[in-house]
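To keep things simple, chains are lettered A, B, C, D and E as they appear, and every chain counts its residues starting from 1.
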Amino acid sequence: MSITTQKKVQIDVKNNDTTTESKTEQPRVVYDTKDLNLWYSETHALKDINLEVTENEVTAIIGPSGCGKSTYIKTLNRMVELVPGVGTTGTIAYKGKNILDNSMKVEDLRTQVGMVFQKPNPFPKSIYENVTYGPKIHGIKKKSLLDEIVENSLRGAAIWDEVKDRLNQNAYGLSGGQQQRVCIARCLAIEPDVILMDEPTSALDPISTLKVEELIKELKKKYTIIIVTHNMQQAARISDKTVFMLNGEVVEFSETDQLFSNPKDKRTEDYITGRFG
Amino acid sequence: MATNSDSNVNKAVNVSELIAKNKKKKSINNYMEKLVPTILFLLASITVLTTIGILYTLISEAVHFFMEVPILDFFTGTELKPLSQNPEFGILPLLNGTIISSLIAILVAGPIGLMSAIFLSEYASDKVRRIIKPLLEILAGIPTIVYGFFAFTFVTPLIRTFWPQLEATNILSPGLVMGIMIIPMIASLSEDAMTSVPNGIREGSLAMGTTKLETTVKVVIPAAFSGIIASFVLAISRAIGETMIVTIASGSSKNFSFDITESMQTMTAFIVEVSGGEAPAGSTLHYSLYAVALTLFVFTMIMNLLAKYVSRKFREEY
Amino acid sequence: MEKLEALHQNNKMNARLRKNSIWKSIFFLSTLFGLVVLAILIIRVLIQGLEWIDLEFITSRLSTQADKAGIMGAILGTLWVMVVVIPVTLIIGVGSAIYLELYSKKGKIQSFIETNIANLAGVPSIVYGLLGLTAFVRLMDLGNVVLAGGLTLALLVLPILIVSAQEALRAVPGHLSEASYGMGATKWQTIRKIILPAALPSILTGSILALSRAIGETAPLTVLGIPALLIPFPQGLLDTFTALPMQIYYWTLDSSLVAEYANLAAATIVILLLILFILNSIAIIIRNKYHQRN
Amino acid sequence: GSDSEESDDNEEANASETDTEAEETEDTASEEENADASEELEGNVVIDGSGTVYPLMARLAEEYMVNEQPNVSVEVSRAGTSAGFEKFLVEDGTDFNDASRSIKDEEQAKADELGIEVMEIKTALDGLTIVVNPENDWATELTAEQITDIFVGNVTNWSEINSDWPDEKIQAYGPNENHGTYEFFYEDILEEQDLVGDINLQQEYSTLVTLVADDVNGIGFFGFGYYDNNQDQVQAVGIDFGDGAVTPSLETIGEEGPYADYTRPVFTYLNVNNAQEKPEVYDYAVYVGETINDFAGETGFAPIPDEEQQAQLEEIQAIQ
Amino acid sequence: MSITTQKKVQIDVKNNDTTTESKTEQPRVVYDTKDLNLWYSETHALKDINLEVTENEVTAIIGPSGCGKSTYIKTLNRMVELVPGVGTTGTIAYKGKNILDNSMKVEDLRTQVGMVFQKPNPFPKSIYENVTYGPKIHGIKKKSLLDEIVENSLRGAAIWDEVKDRLNQNAYGLSGGQQQRVCIARCLAIEPDVILMDEPTSALDPISTLKVEELIKELKKKYTIIIVTHNMQQAARISDKTVFMLNGEVVEFSETDQLFSNPKDKRTEDYITGRFG
């Protein structure tokens, strides 16, 4: 017996209205991944990844569970090294510098590359302290400047109005969606160049998801965004380019509308039509 | 695919009917379902009986003591001369000894234990942790009598080589050694508390370009604070209750003093001394043992309630 | 926010990283400190006691003459005490833990019992000695026999065991019991067949650690009044006994009378540590094995 | 009954045996003989009481179990004289209570009340020994008055005793009130004058020895046995009772000897009722009466005079 | 800012080839839920649920995370009561008997209603012991009978051939998909009438998912199946009827092909076109 059913998913991808905005300069490559391989002890989690991420775009990474999405995105700010026994080959150039040898300090890299996680992970501190955490650690002490950063970041994360009256309350008192936006604000507070997002809405309710999605589209104007999502429609809605990964390999990488409307690879098609995953 | 052959599954056995039949005669099981919780409840209440037993033991004898020595004198007296011609029963020298020795212990074990916990939970690899943690825990498992002689025959002479004022029996070295004994308690419990801080929070901090130290101090420790404090309080209460180390290494002078080079006696050591001594039954001295034990019991109980309160109060929700 | 530019250039990353590595060394040295003390302690007793240990020392009876003295009586005494402690603590401890974790409703009674257990865990062991003296030696009129000593020590380690058994039960993944309930198993069936077996390794680890506490305890026994000289081996629960830590205690006390007693004490410490070490290793092996499987 | 006669015989056999103790082979031979003669006793003898007397009684008990009655278990505990009496003076109490002082009137009254007949057995003599630090080369001899002065606090500096001696403060040490030794020192030697205020009183003798061994200006007192076994750490002070200095030794200690003023007897008390009911208790009591002097020396006590021992033995044997 | 993009998902639902088989008798209602409300302490997790589940059909429940799918399915065998502080109103009639009052012993109910969970949860015992657990608990002791049950159940779960040579090995040694099928076999061993499945394939890889899906289609011949899934294509592939839930309410309940091709409710449409979730 085998599955004989045929399904077809058509997704009309919008022409992103924001793309017209400021893309007149020469697009710059922020991340250039070459022949990246990664092992968790024995598991070969990433296989020969080659990928270029362009400035001020949203790059979405999709693929079934366990295909290596999180692993890849965590390699981009070397968070993956927190897992013991991780080994890599190949190079990832961030603005021209290879980050996998030690020519760039990992702390410096992470100061420039922010990250938002799947589960909202605010610190168990007040909202204010959450947002000022990064600036303070990096040596900014002046209260007035910090206040300004807090307001700007929270505005940037589209949550200022909701929390401005309770900045000193614990961030754990917020709803999941609000927490996630506070985490984004926390990340904006140190003005990174790139923001990595690992399924930032998967723990959120529909309304919160919507808000975060809109925020991402807004953020794209100033930041380069790489986002992992298991929701294909989400990828279609918000990204400029999409990467489809499977079993640690990049199967297909192209403009989002093209990937969804006209996948080149049979496996991509199977996946986006819901044959598995 | 194998499923083809599976379609010929037959319900010939008819298990469900069998089960239904069994259901009807399973009266013993029903009985057990009701009986078991009752039995277990009775077992659980043995711990309550233990407390009642302790209280009864202590109070019924201490009452005799307080009939002869006014409570106020007992708790405010700075002289403890139980066998002198004009006996005096002030517990302050013992409280003093107990508090000072525990204080020294926590001053040693607090920083060292906490720093060990930080090393184990934040810096050490899994393998290193799995070797070191049990090794450290051996320290907590060494019989205290062994520590007592370690303090008396090693630590005191060692300190005296560079600090000759230290008396041969003193409160300092049992305090230090008690500190060593409770290091693993603090290290282990604090490490547990820190390990249970969700990784997400840690990653959130590291992802902003902070160093491990900054993440640990600014995020992990505050988040694990309640657990760390609780481990401190528990360790202190262990130090307060410790008997053999002070009995052996601190001598038995009932000194009301704050000079750590001198011999002092703790409440526990006093109990050992009197119960192994020559106090005739019915004598005030004999009863004083129970008065001291009662004080000690209340003292540690307060510490434990404090630990509970503190860890609840400072508990972070994550 | 061009002011933040400073942040990216001037965040003193080098100094911060140096600080990080300095503190890392301090943390490491702190950890080492405990281990070094442990090593010193062990080396000292080894030096003092090792040459006194031979088969004869282990298998002989007690004697006042240092060169004839052996510790078989104390070893047997300790073993007999364990014969009481093990079943009593396991039955009461695991039973209480099951009740608290799986049966009792979250409420006043449960919180009262749990607070009470936490308190008991902090009660100084010498107070248990007084309890044992009153309750078992005098009230139940057992005298200072194995049973009385065992029950006293059992009460002493009971809170430790209950707490660790509770943790063990709590750690059993909920989906296992769900699967069992889902098949129509009753609560007791689920506990007996699924939860207890799954929690068993942790419970064993916890009880071994609790037992090693009982084995090393001296203070409560000094209060119970254990004979200092007892030559015949204990044969049962109602015999008087002596135990390894008591033997260490008496020998060290009397080392001012007979200098060799100090060596005997050290030799006995070595044996006691060896026993504890073996027990702890077993606990660690069980723990690691179990953790690997998860 | 016939039981007691048999044990009498046994006693005699044993008595002769102890004389030839040196010869191991004979020893075991006669032990086997004992067994053949169905003289084997069984049961428990329970001894508690003074920790001071403990080493002697433990030694005796061990010898008895090893060489005389392997099936009798003699348990020796050391709860302290008074705590021991507490266990002794109850129904089903202990068989013997060791004491570093004689029984008190209250205790005797309690015994009478319970109908327990108590027999005092003097086991040995202890010489209270004054010790100083080995480096102390001045105060090696002191008069009894000077000792009293020091411990009462009449003098506080060595130079107050003798102007040639160092101008250093004297630090006194001693066992605490828990010990019979303290009581003896306070009642018999200081004649109930209060001890000097800053005396360092300790529970454990090992602590005391270390303290004096550590303190050049220290002076302490304790039983002869503790000095005897720690001669490398402390030195004994010769005491001048009027006829020149006497150093304590097994020879000088004695109720009639030159060290008599600092000599005190130690005891064990026998529950006579128990001895009448239980042959093993009686047997052991007789054994104590017979052999007590053989072990006094090696445990740091001086033996009691032979006549006294003989009289005591007869008294014990008369129980039957 | 608001999402202005429009997408349309067309799913050609197959005509289930098995439906033609044995559906000649009068369809019988197995579960009849009336006005069911459920609270977790304060959370109102199920709101006025009314639903009929028909014999020998596959009923799929879909809806975004947190909408109450698991809660509902767990109410059907009263597993939800394991959570302290749960309160219900309304009735659920199982074969005519209300299971929410205590007229039916909960153990009896669960004997007749099997459950398969999201995460494969075999007992840490041998495969054989896993499958015989239920029969043994219910008093079946005879070895030969047990052997027979094991073979039948494992065959029924389409895993017999893969494990028949290692029945005494620990079930943890199997792959996730195999574990899940062993769990299904364990459930079949006591011959339930209904099988509840809570996202049974969400932790599985595509191949295993396929196998389990085929198995479900096979099982439908003998059992009534209620399945929660977050994979709409899966619901479309295997179910006869589909329930769409949102915020604790049943938004739509109809024939599967109708629900996907022609949703009546705007929210259903939004959901199946990937506007949220």
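FYI, a residue touches a chain if its C-beta (ideal position, glycine included) is under 8 Å from a C-beta of that chain, and two chains touch if they have at least 3 such contacts.
These numbers were taken from a predicted model, which means no experiment stands behind them.
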Path length in the contact graph (chain D to chain E, fewest steps): 2
For chain A and chain E, chains touching each: B, C
Furthest chain, CA centroid comparison against chain A: D
By number of C-beta contact pairs, the top two chains: B-C
Centroid spacing, where centroids are CA-atom means, of chain B and chain E in whole angstrom: 49
Distance between the centres, which are taken as Cα means, of chain D and chain C, whole angstrom: 39
Averaged-CA centre spacing for the pair chain D and chain A, given as whole angstrom: 86
Separation of chain B from chain C, taking each centre as the mean of its C-alpha atoms, in whole Å: 12
Touching two or more other chains - residues of chain B: 1, 3, 209, 211, 214, 248, 275-276
Set of chain A residues in contact with two or more other chains: 1, 107-108, 111-112, 138, 190
Residues within chain D bordering two or more other chains: 78-79, 204
Every chain pair meeting the contact rule: A-B, A-C, A-E, B-C, B-D, B-E, C-D, C-E
In the complex, chain B residues that touch chain E: 1-3, 5-7, 9-11, 13-16, 18-19, 22-23, 25-26
Chain B - residues contacting chain C, complex: 29, 32-33, 36-37, 39-41, 43-48, 50-51, 53-54, 56-58, 111-112, 115-116, 118-120, 122-124, 130, 132, 134-139, 141-150, 154, 180, 183-184, 187, 209, 211-214, 234, 237-238, 240-244, 248, 268, 271-272, 275-276, 289-290, 293, 296-297, 300-301, 303-305, 307-308
For the chain B and chain D complex, residues of the former touching the latter: 82-85, 152, 167-169, 247-248, 251-253, 263, 273-281, 283
Complex contact set, residues of chain A against chain B: 1-2, 77, 79, 82, 84, 107-112, 114-115, 117, 119, 121-125, 133-134, 137-138, 170, 172, 183, 186-187, 190
Residues of chain C defined as touching chain A within the complex: 1, 3-4, 6-8, 10-13, 16-17
